[in-house]
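The data blocks that follow each hold one structure.
There are two complexes below, and they share chain A, which is joined by chain B in the first and by chain C in the second.
Right, the complex of A and B next:
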């Protein structure tokens, strides 16, 4: 077998901190290899070592058989490598147009004029960017920037491309788009791709991958292989009384959580039938519906780390007591909406950033606002928090009209933005105290609230450290605490968990769920993590300033299921060839996930048999077949595609 | 504006000071500006001619010529020696080894003895205008002494008798700085320039830093008005700079340069506070139009130049072209220098400077309101 990259026990230290420790990775030619892990896992350092940008302290790295140990040796294979650094379009020039950017990179790489014209045309059409050729890079959406970055990395026909978190901060649609483009190019050009990501749900996109955490490799192999090391199932139970179901299930299962109007159960080491029978005993199966899902990498990661470190487990099991006696539960006799958007419109010149946006969030409700970057989510939040006056329409927050009670609204809301917006050079305690005083707290009351914030955020051990020295997860909990210091009834969260590792996110959500259920706080949140969207009681999906879907996650998935059916997933031996065979046979909208092909179908049995037959005739073996429920990401993609199609028709 | 209003201001001011104190480089630089920089300006920059290197070409080699050259005295001049060739003289002037070359013609003494007027050549490096002018006038003075002595000698008048000749003697009475001490002037004006620079830069930097990090977003979503967000920043800069100026006065001006502080300290600090308020308004404006610290730096320098040039610190207003004179009132430093020198050296009281103080306050308020308006526009609060 040919290897594009062979890294053997590589170590890299920055002064005191160890970035990567004893990492060995083998990337075969022609595969898409993934490095997956949260921020600070060492993915970037490893990629930079492999591409010869960074020196390493010990170990060996071979790229195409060439040992990379100095600048000189790295230079030898640089023309065969394309490297795209982390950050949305950071290596591109914002004032140049798409075409100018491509030309620049081509000249840099010495691509001949002929080849350039030909490749440019091909790459632009694959990326669906041909019609935007003359648009300046700074005016592109996040997803487009990322695709342009990929084109510039590919312009000199590299044999190996190294992409550092190409999908971070990009919405699910653009992410899916990006993966399709990468799949096609890897397939057609026969190159090798080494890609890192912080999204665990992208694991299935890779042929093989390494799960990384704190500079070490936890697991290696294909996503299926890794997950099968701790076999188990995820069960999703639809219910109108999540509290009761939750309590009942806790007696038998370790990992149970409430996601909006759904209870999600993770059971390791038990087979489907055992779980089924336990559930039948515990719950009234006539009233409740449940379905099984295979364990995902996210669940696996959390489980793996729990065994890995005792502290993580302690952190997860400790249930903070949110309700101190001084402020008992708000008896929600008053169930009128705490956030109400009524046909909000905001225009910037000719551009309508938000168009007739209406929704309601009641006390104790977690409301998710989803959409691509630039779909208008931030504009809506800015209007509701009173920092941007709407062009038309009205909004009510905490029973105040935002048109004339801006200050009163500000007093009663908490806000946390996607960028960490606390003072990095102040300590944890100083930050909390500052915001407490800004909201007018003093004396005993201030002290009580500071203690409360420290307690719910598990910040006791870092009270006197500067915020800048905290890891992501703790920073976000601190920011949440500061947003909650004045006991707001309404909480706005703008992508609060981007870049936080799964354990940190699980912990963060545990706090949010309790805030909503125990304190009756109305929460509006935006996120790109689809699993987080499942936590919401209701979702609104925005596209080009408009809300294109507005319902509970369950109802959204149900309606998609009724329209398009269920998801068939086939694990095959030759995914690229299988894809083109099926496309030839007339199947459309097939997505490629590593070694798996997925498609929607209403007649599961017929289609499944048909597909297996077609593939068999082409000497492709189907290793297994799964029937999955449509995910929220599927809903997301479907709704946006429908909206786009409508837009094109009109 | 109730109690809570002020409590918020207080909390935010405290935060700014805390953040400033955490920025070691900024603290050290500020301390250096108020001490080291002021000291160097007072000690180093001199408006007198000291040890100007002079060469001579004495083609006469007579008693008279040697006597003339003898009038170029230290410490003003440093006569380096004889040059024989004109080309050497030019070379030495070109390479700045000499500031000037005296050329005494042949027959210098004979012409003088025969009662014929004669000339001496003086080639001078005028590239440094100040030094050139000084060297020129000091040489003229030396020549006058020589002429006077020569004339008296010709008239056979002894120095003792010369005293009986009636002559005009100007009795100068230099007020406020009787010894014409340059260090006083330079150190005080440097201190004021530092104040200008830092009130402009620190304010802009504090605000733009919040913009860069996005923390301003969190503040604008809190129940704070733009005034409540910006005022604490200016208060913090006020406190930092008033401490700085106290450092300057009590560590450098008084003990090192023995500046006679004639007026009231309190009045000077009050004037300084108003000055910081005025300039920091401009700093706010810079912060609203800048995206990052680099832009703040460039725009600060851009604005600093005219403020200093127009202030009259280095050129008296009377010597400026008319259009420039018309703009002087726009430079806050102009008022500050007027009042500052007045209080420190002349001991002026409020009754003398109140007009200037009022004008400065008005200018500051206009700039401050403008800064707040820009901020409101940007953050829509």
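Right, the complex of A and C next:
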């Protein structure tokens, strides 16, 4: 077996912080290898060390057999690798056109003129960018920037490409396109790819991967192998009374959570039949529907970290019964919308950032606003919070028009963003106190609210630490607490969990769910994580300023299921060959996920048998077959594709 | 060094500057504005100082004395006041720079052969200006004194004024200012500004050019590629040399057209030295860029790091020969002094290749030194 990369017990420390600790990774030639983990896991540092652009403190890295231990030895492999740093399009030159960017990278690498012409044409057509050749990079959408970045990294035919979080911040369909393009090029050019991602649900895209957390590798292997180390199932139960079902299931299962109109249960170490029989005993199976899903990496990650650290476990076990009765509001009386967007339009010059956006959020409702970077989410939030006046239409909070309402109504709004301005040099307590004073709280009232914020955010143990020294998860909970100090009725959250690890996100959501159900707060949240979208009572998906889907997660998935059917997933021995065989046989829209092929089908049984036969005739073995429910991601890809097709027609 | 890679880097850099219209405009406007502001603002001439007179005597003699001041080109007469205290506010508001007080008994005392005292109150905030004013006032007073003496002798002895003058002041001084005949400080400071501005501006532009890529992350394209540090530094610096050469040529012309400085020397020498000088200034910027990570730090360090030596240790404010020993070393360790010699040599002294060629060698030496340091300090495998 040839190795493209062999890293052995690599350590990297920045002044005080240890970025990676004793990491060993072997990447075989020809595979797509993944580094997966939340922000601060050490993915970027490791990739930069391997690319020969960052020094490391101990251990050894070999790339194509060449030891990388100095600037000189690193130079020897640079003509064989392509490296794309983190940050969507940040390594590209905004004022240069697509073609000029590509030419720059090619000439920098000394690519000959003929080869450049030929490769440029090929890569542009694979990326479907040929018709935008002369457009300046700064005017491209996120997905286009991402694909251009990939082209520039590939132009000199590297044998190994290293891509640092290429899919962060782009919409689901661009992500899918990107993976298709990468799969195809890796297959056609016989390259090796090392790719990092913060999305656990992308794990299945890799042949093999390392799950990283806080500078260490938690697990290595293929996604299936890793997950099979803690076998188990996820069960999703549709219900109209999630509270009751939740309470019942808690008696038998450890990990149960409510996601909007659905209860989600994770059972490790139990087989399907056992779980099925327990559920049948506990619940009225005639009224309730449930389906099984294989354990994903996200669940595995949480489980693995729970075993990893006892404190994390304690925190997860502790259910927040912390919302004191005195603040609890009667949320059944008033059901008129707290947030209302009424045909909001916002134009910047001749660019329409938000186009006829309408939705409502009622008290106690968690509303998810989804879409890629630049789809118009932030513009909508700004109009609803009164920061930006709309060009047309109106935004209402508690029936007040936000375009010309006074400070009084603005004080009933809580706002928190990913870049929320905590004062990092102040302690947790000082931060909360400061925000309380800004909202005019004093004396006993202030003290009460500070205690409440500390309690709801589980910040007791870190009260006197500076905000800057907190891990991301705790920092986000502090930011949330500060946004809640003045007891707002409406809460706007702009990507609050970006970059937070799965445990931190689970904890954060537990608080949000309680806020909505116990205090009747109306919550509008934007997120990139599809699993989080499942938590929402209702969702709106934005694409190019317009809302292209608006319903409950359940209804969205059901309608897709009715139109396109269920998802068939095959694990095969030769995925690339299998893909081309099936395409030849006339199957369309097959997606490649590492060793798995997935396609939609209404006649699950027939298609499944047919596919297995076709593959068998081509000497490809199907190792297992699964029938999955369409995911929210599938819904969004479908909706965006439909919207784009409509756009092209008009 | 691969020429194609260097040109690729230069072309990309040029396109980026050219298309970023704000940055592009600033690159040309900034040096010109800086030169105008500093050139006209840093004039050391003490001329047309506004003043008032308080004449308590009101006699022929006091008027004659006053007239000497009123007619001087160094002073700007603003009128008579009744009493000295009226002038306090005018001095405080900087409407006048000094005040001349002639006491009541002025002419009476003089006619009786007693000494008379006059007073002048000078705004002493700027010591240089105050001592210049004091010098002018003393000179006029001394001249008035000698005239009085001459008149007295002429009356007493009945000899002509010319004879008297020969007797009393046998030595007369004829002053001829070389190089700057009219002793206009703008000729010197104005041309000197070319040296100052064109050290600061190229250094800042070049430093920002590299650090901008560090901030955005596009520097990783270079780190991860096969481009050598020498190719990168060279490719990066060329567009900034081009822009700065256009700038220094504009400023060299502006010195003649706007500051009305003469140009007496060899133009070809100045053109060559201008090119080498802006190149070495841009190279300083690249050296700075290897130390810092943020654009703010780059701009600040480039500004201070070039402005202070160019201002204080180049000979612009004070001749290098009269500097303290350490300052002299500092002056010789920077290209500014050598360029100033070339500028003043060609504009004011009428010098050329024959006198100034060694300076070109020194400036070229600095260029190579800075380029070398930047190349050695640029690492493609970084620590953090």
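The rule is short, and it goes like this: the second predicted complex is superposed on the first by the 642 of 650 C-alpha atoms of A that agree within 3 Å, B and C clash if a C-alpha of one lies under 4 Å from a C-alpha of the other, contacts with A are read in each partner's own complex, and residues count from 1 in each chain.
In this text, contacts are C-beta pairs under 8 Å (C-beta built on N, C-alpha and C of every residue); 3 or more make two chains touch, one makes a residue touch a chain.
Because the structure is predicted, anything quoted here is derived from the model rather than measured.
Trainee: Output check: A:645 vs chain B and chain C. Expected answer is one of first, second, both, neither. What do you get?
Mentor: neither
Trainee: For A:104, is the partner it touches chain B (first), chain C (second), both, or none of the two (neither)?
Mentor: second
Trainee: Would you check which partner chain A:82 touches, where first means chain B only, second means chain C only, and both and neither mean what they say?
Mentor: second
Trainee: Going by the contact rule set out at the top, does A:439 touch chain B (first), chain C (second), both, or neither?
Mentor: A:439 sits against chain B, while chain C stays out of touch.
Trainee: Looking at A:54, would you say it contacts chain B, chain C, both, or neither? Reply first, second, both or neither.
Mentor: It touches chain C, and chain B stays clear.
Trainee: Who does A:422 touch here: chain B (first), chain C (second), both, or neither?
Mentor: In the superposed model, A:422 contacts chain B only, not chain C.
Trainee: Output check: A:113 vs chain B and chain C. Expected answer is one of first, second, both, neither. What do you get?
Mentor: neither
Trainee: Looking at the overlay, does A:93 come into contact with chain B only (first), chain C only (second), both, or neither?
Mentor: second
Trainee: Share the list of chain A residues that count as touching for chain B in one structure and for chain C in the other.
Mentor: Shared contact residues on chain A (touching chain B in one complex, chain C in the other): none at all.
Trainee: Give every residue of chain B touching chain A within the complex, in rising order.
Mentor: Answer in residue numbers: 4, 7-8, 10-12, 15, 18-19, 22-23, 213-215, 217-225, 379-381.
Trainee: Using the touch definition from the top, list the residues of chain A that touch chain B in their complex.
Mentor: Touching chain B: residues 382, 385-389, 407, 410-411, 413, 415, 417, 419-426, 430, 434-435, 437-440, 442, 466, 482 of chain A.
Trainee: Enumerate the contact residues on chain C facing chain A in the complex.
Mentor: 2, 4-5, 8-9, 11-12, 15-16, 19-20, 216-218, 220-227, 379-384
Trainee: In the complex formed with chain C, which residues of chain A make contact?
Mentor: Per the touch definition, chain A meets chain C at residues 14-15, 48, 51-55, 70-71, 74-75, 78-79, 81-83, 85-87, 90-93, 95-96, 100, 104-105, 107-110, 136, 152.
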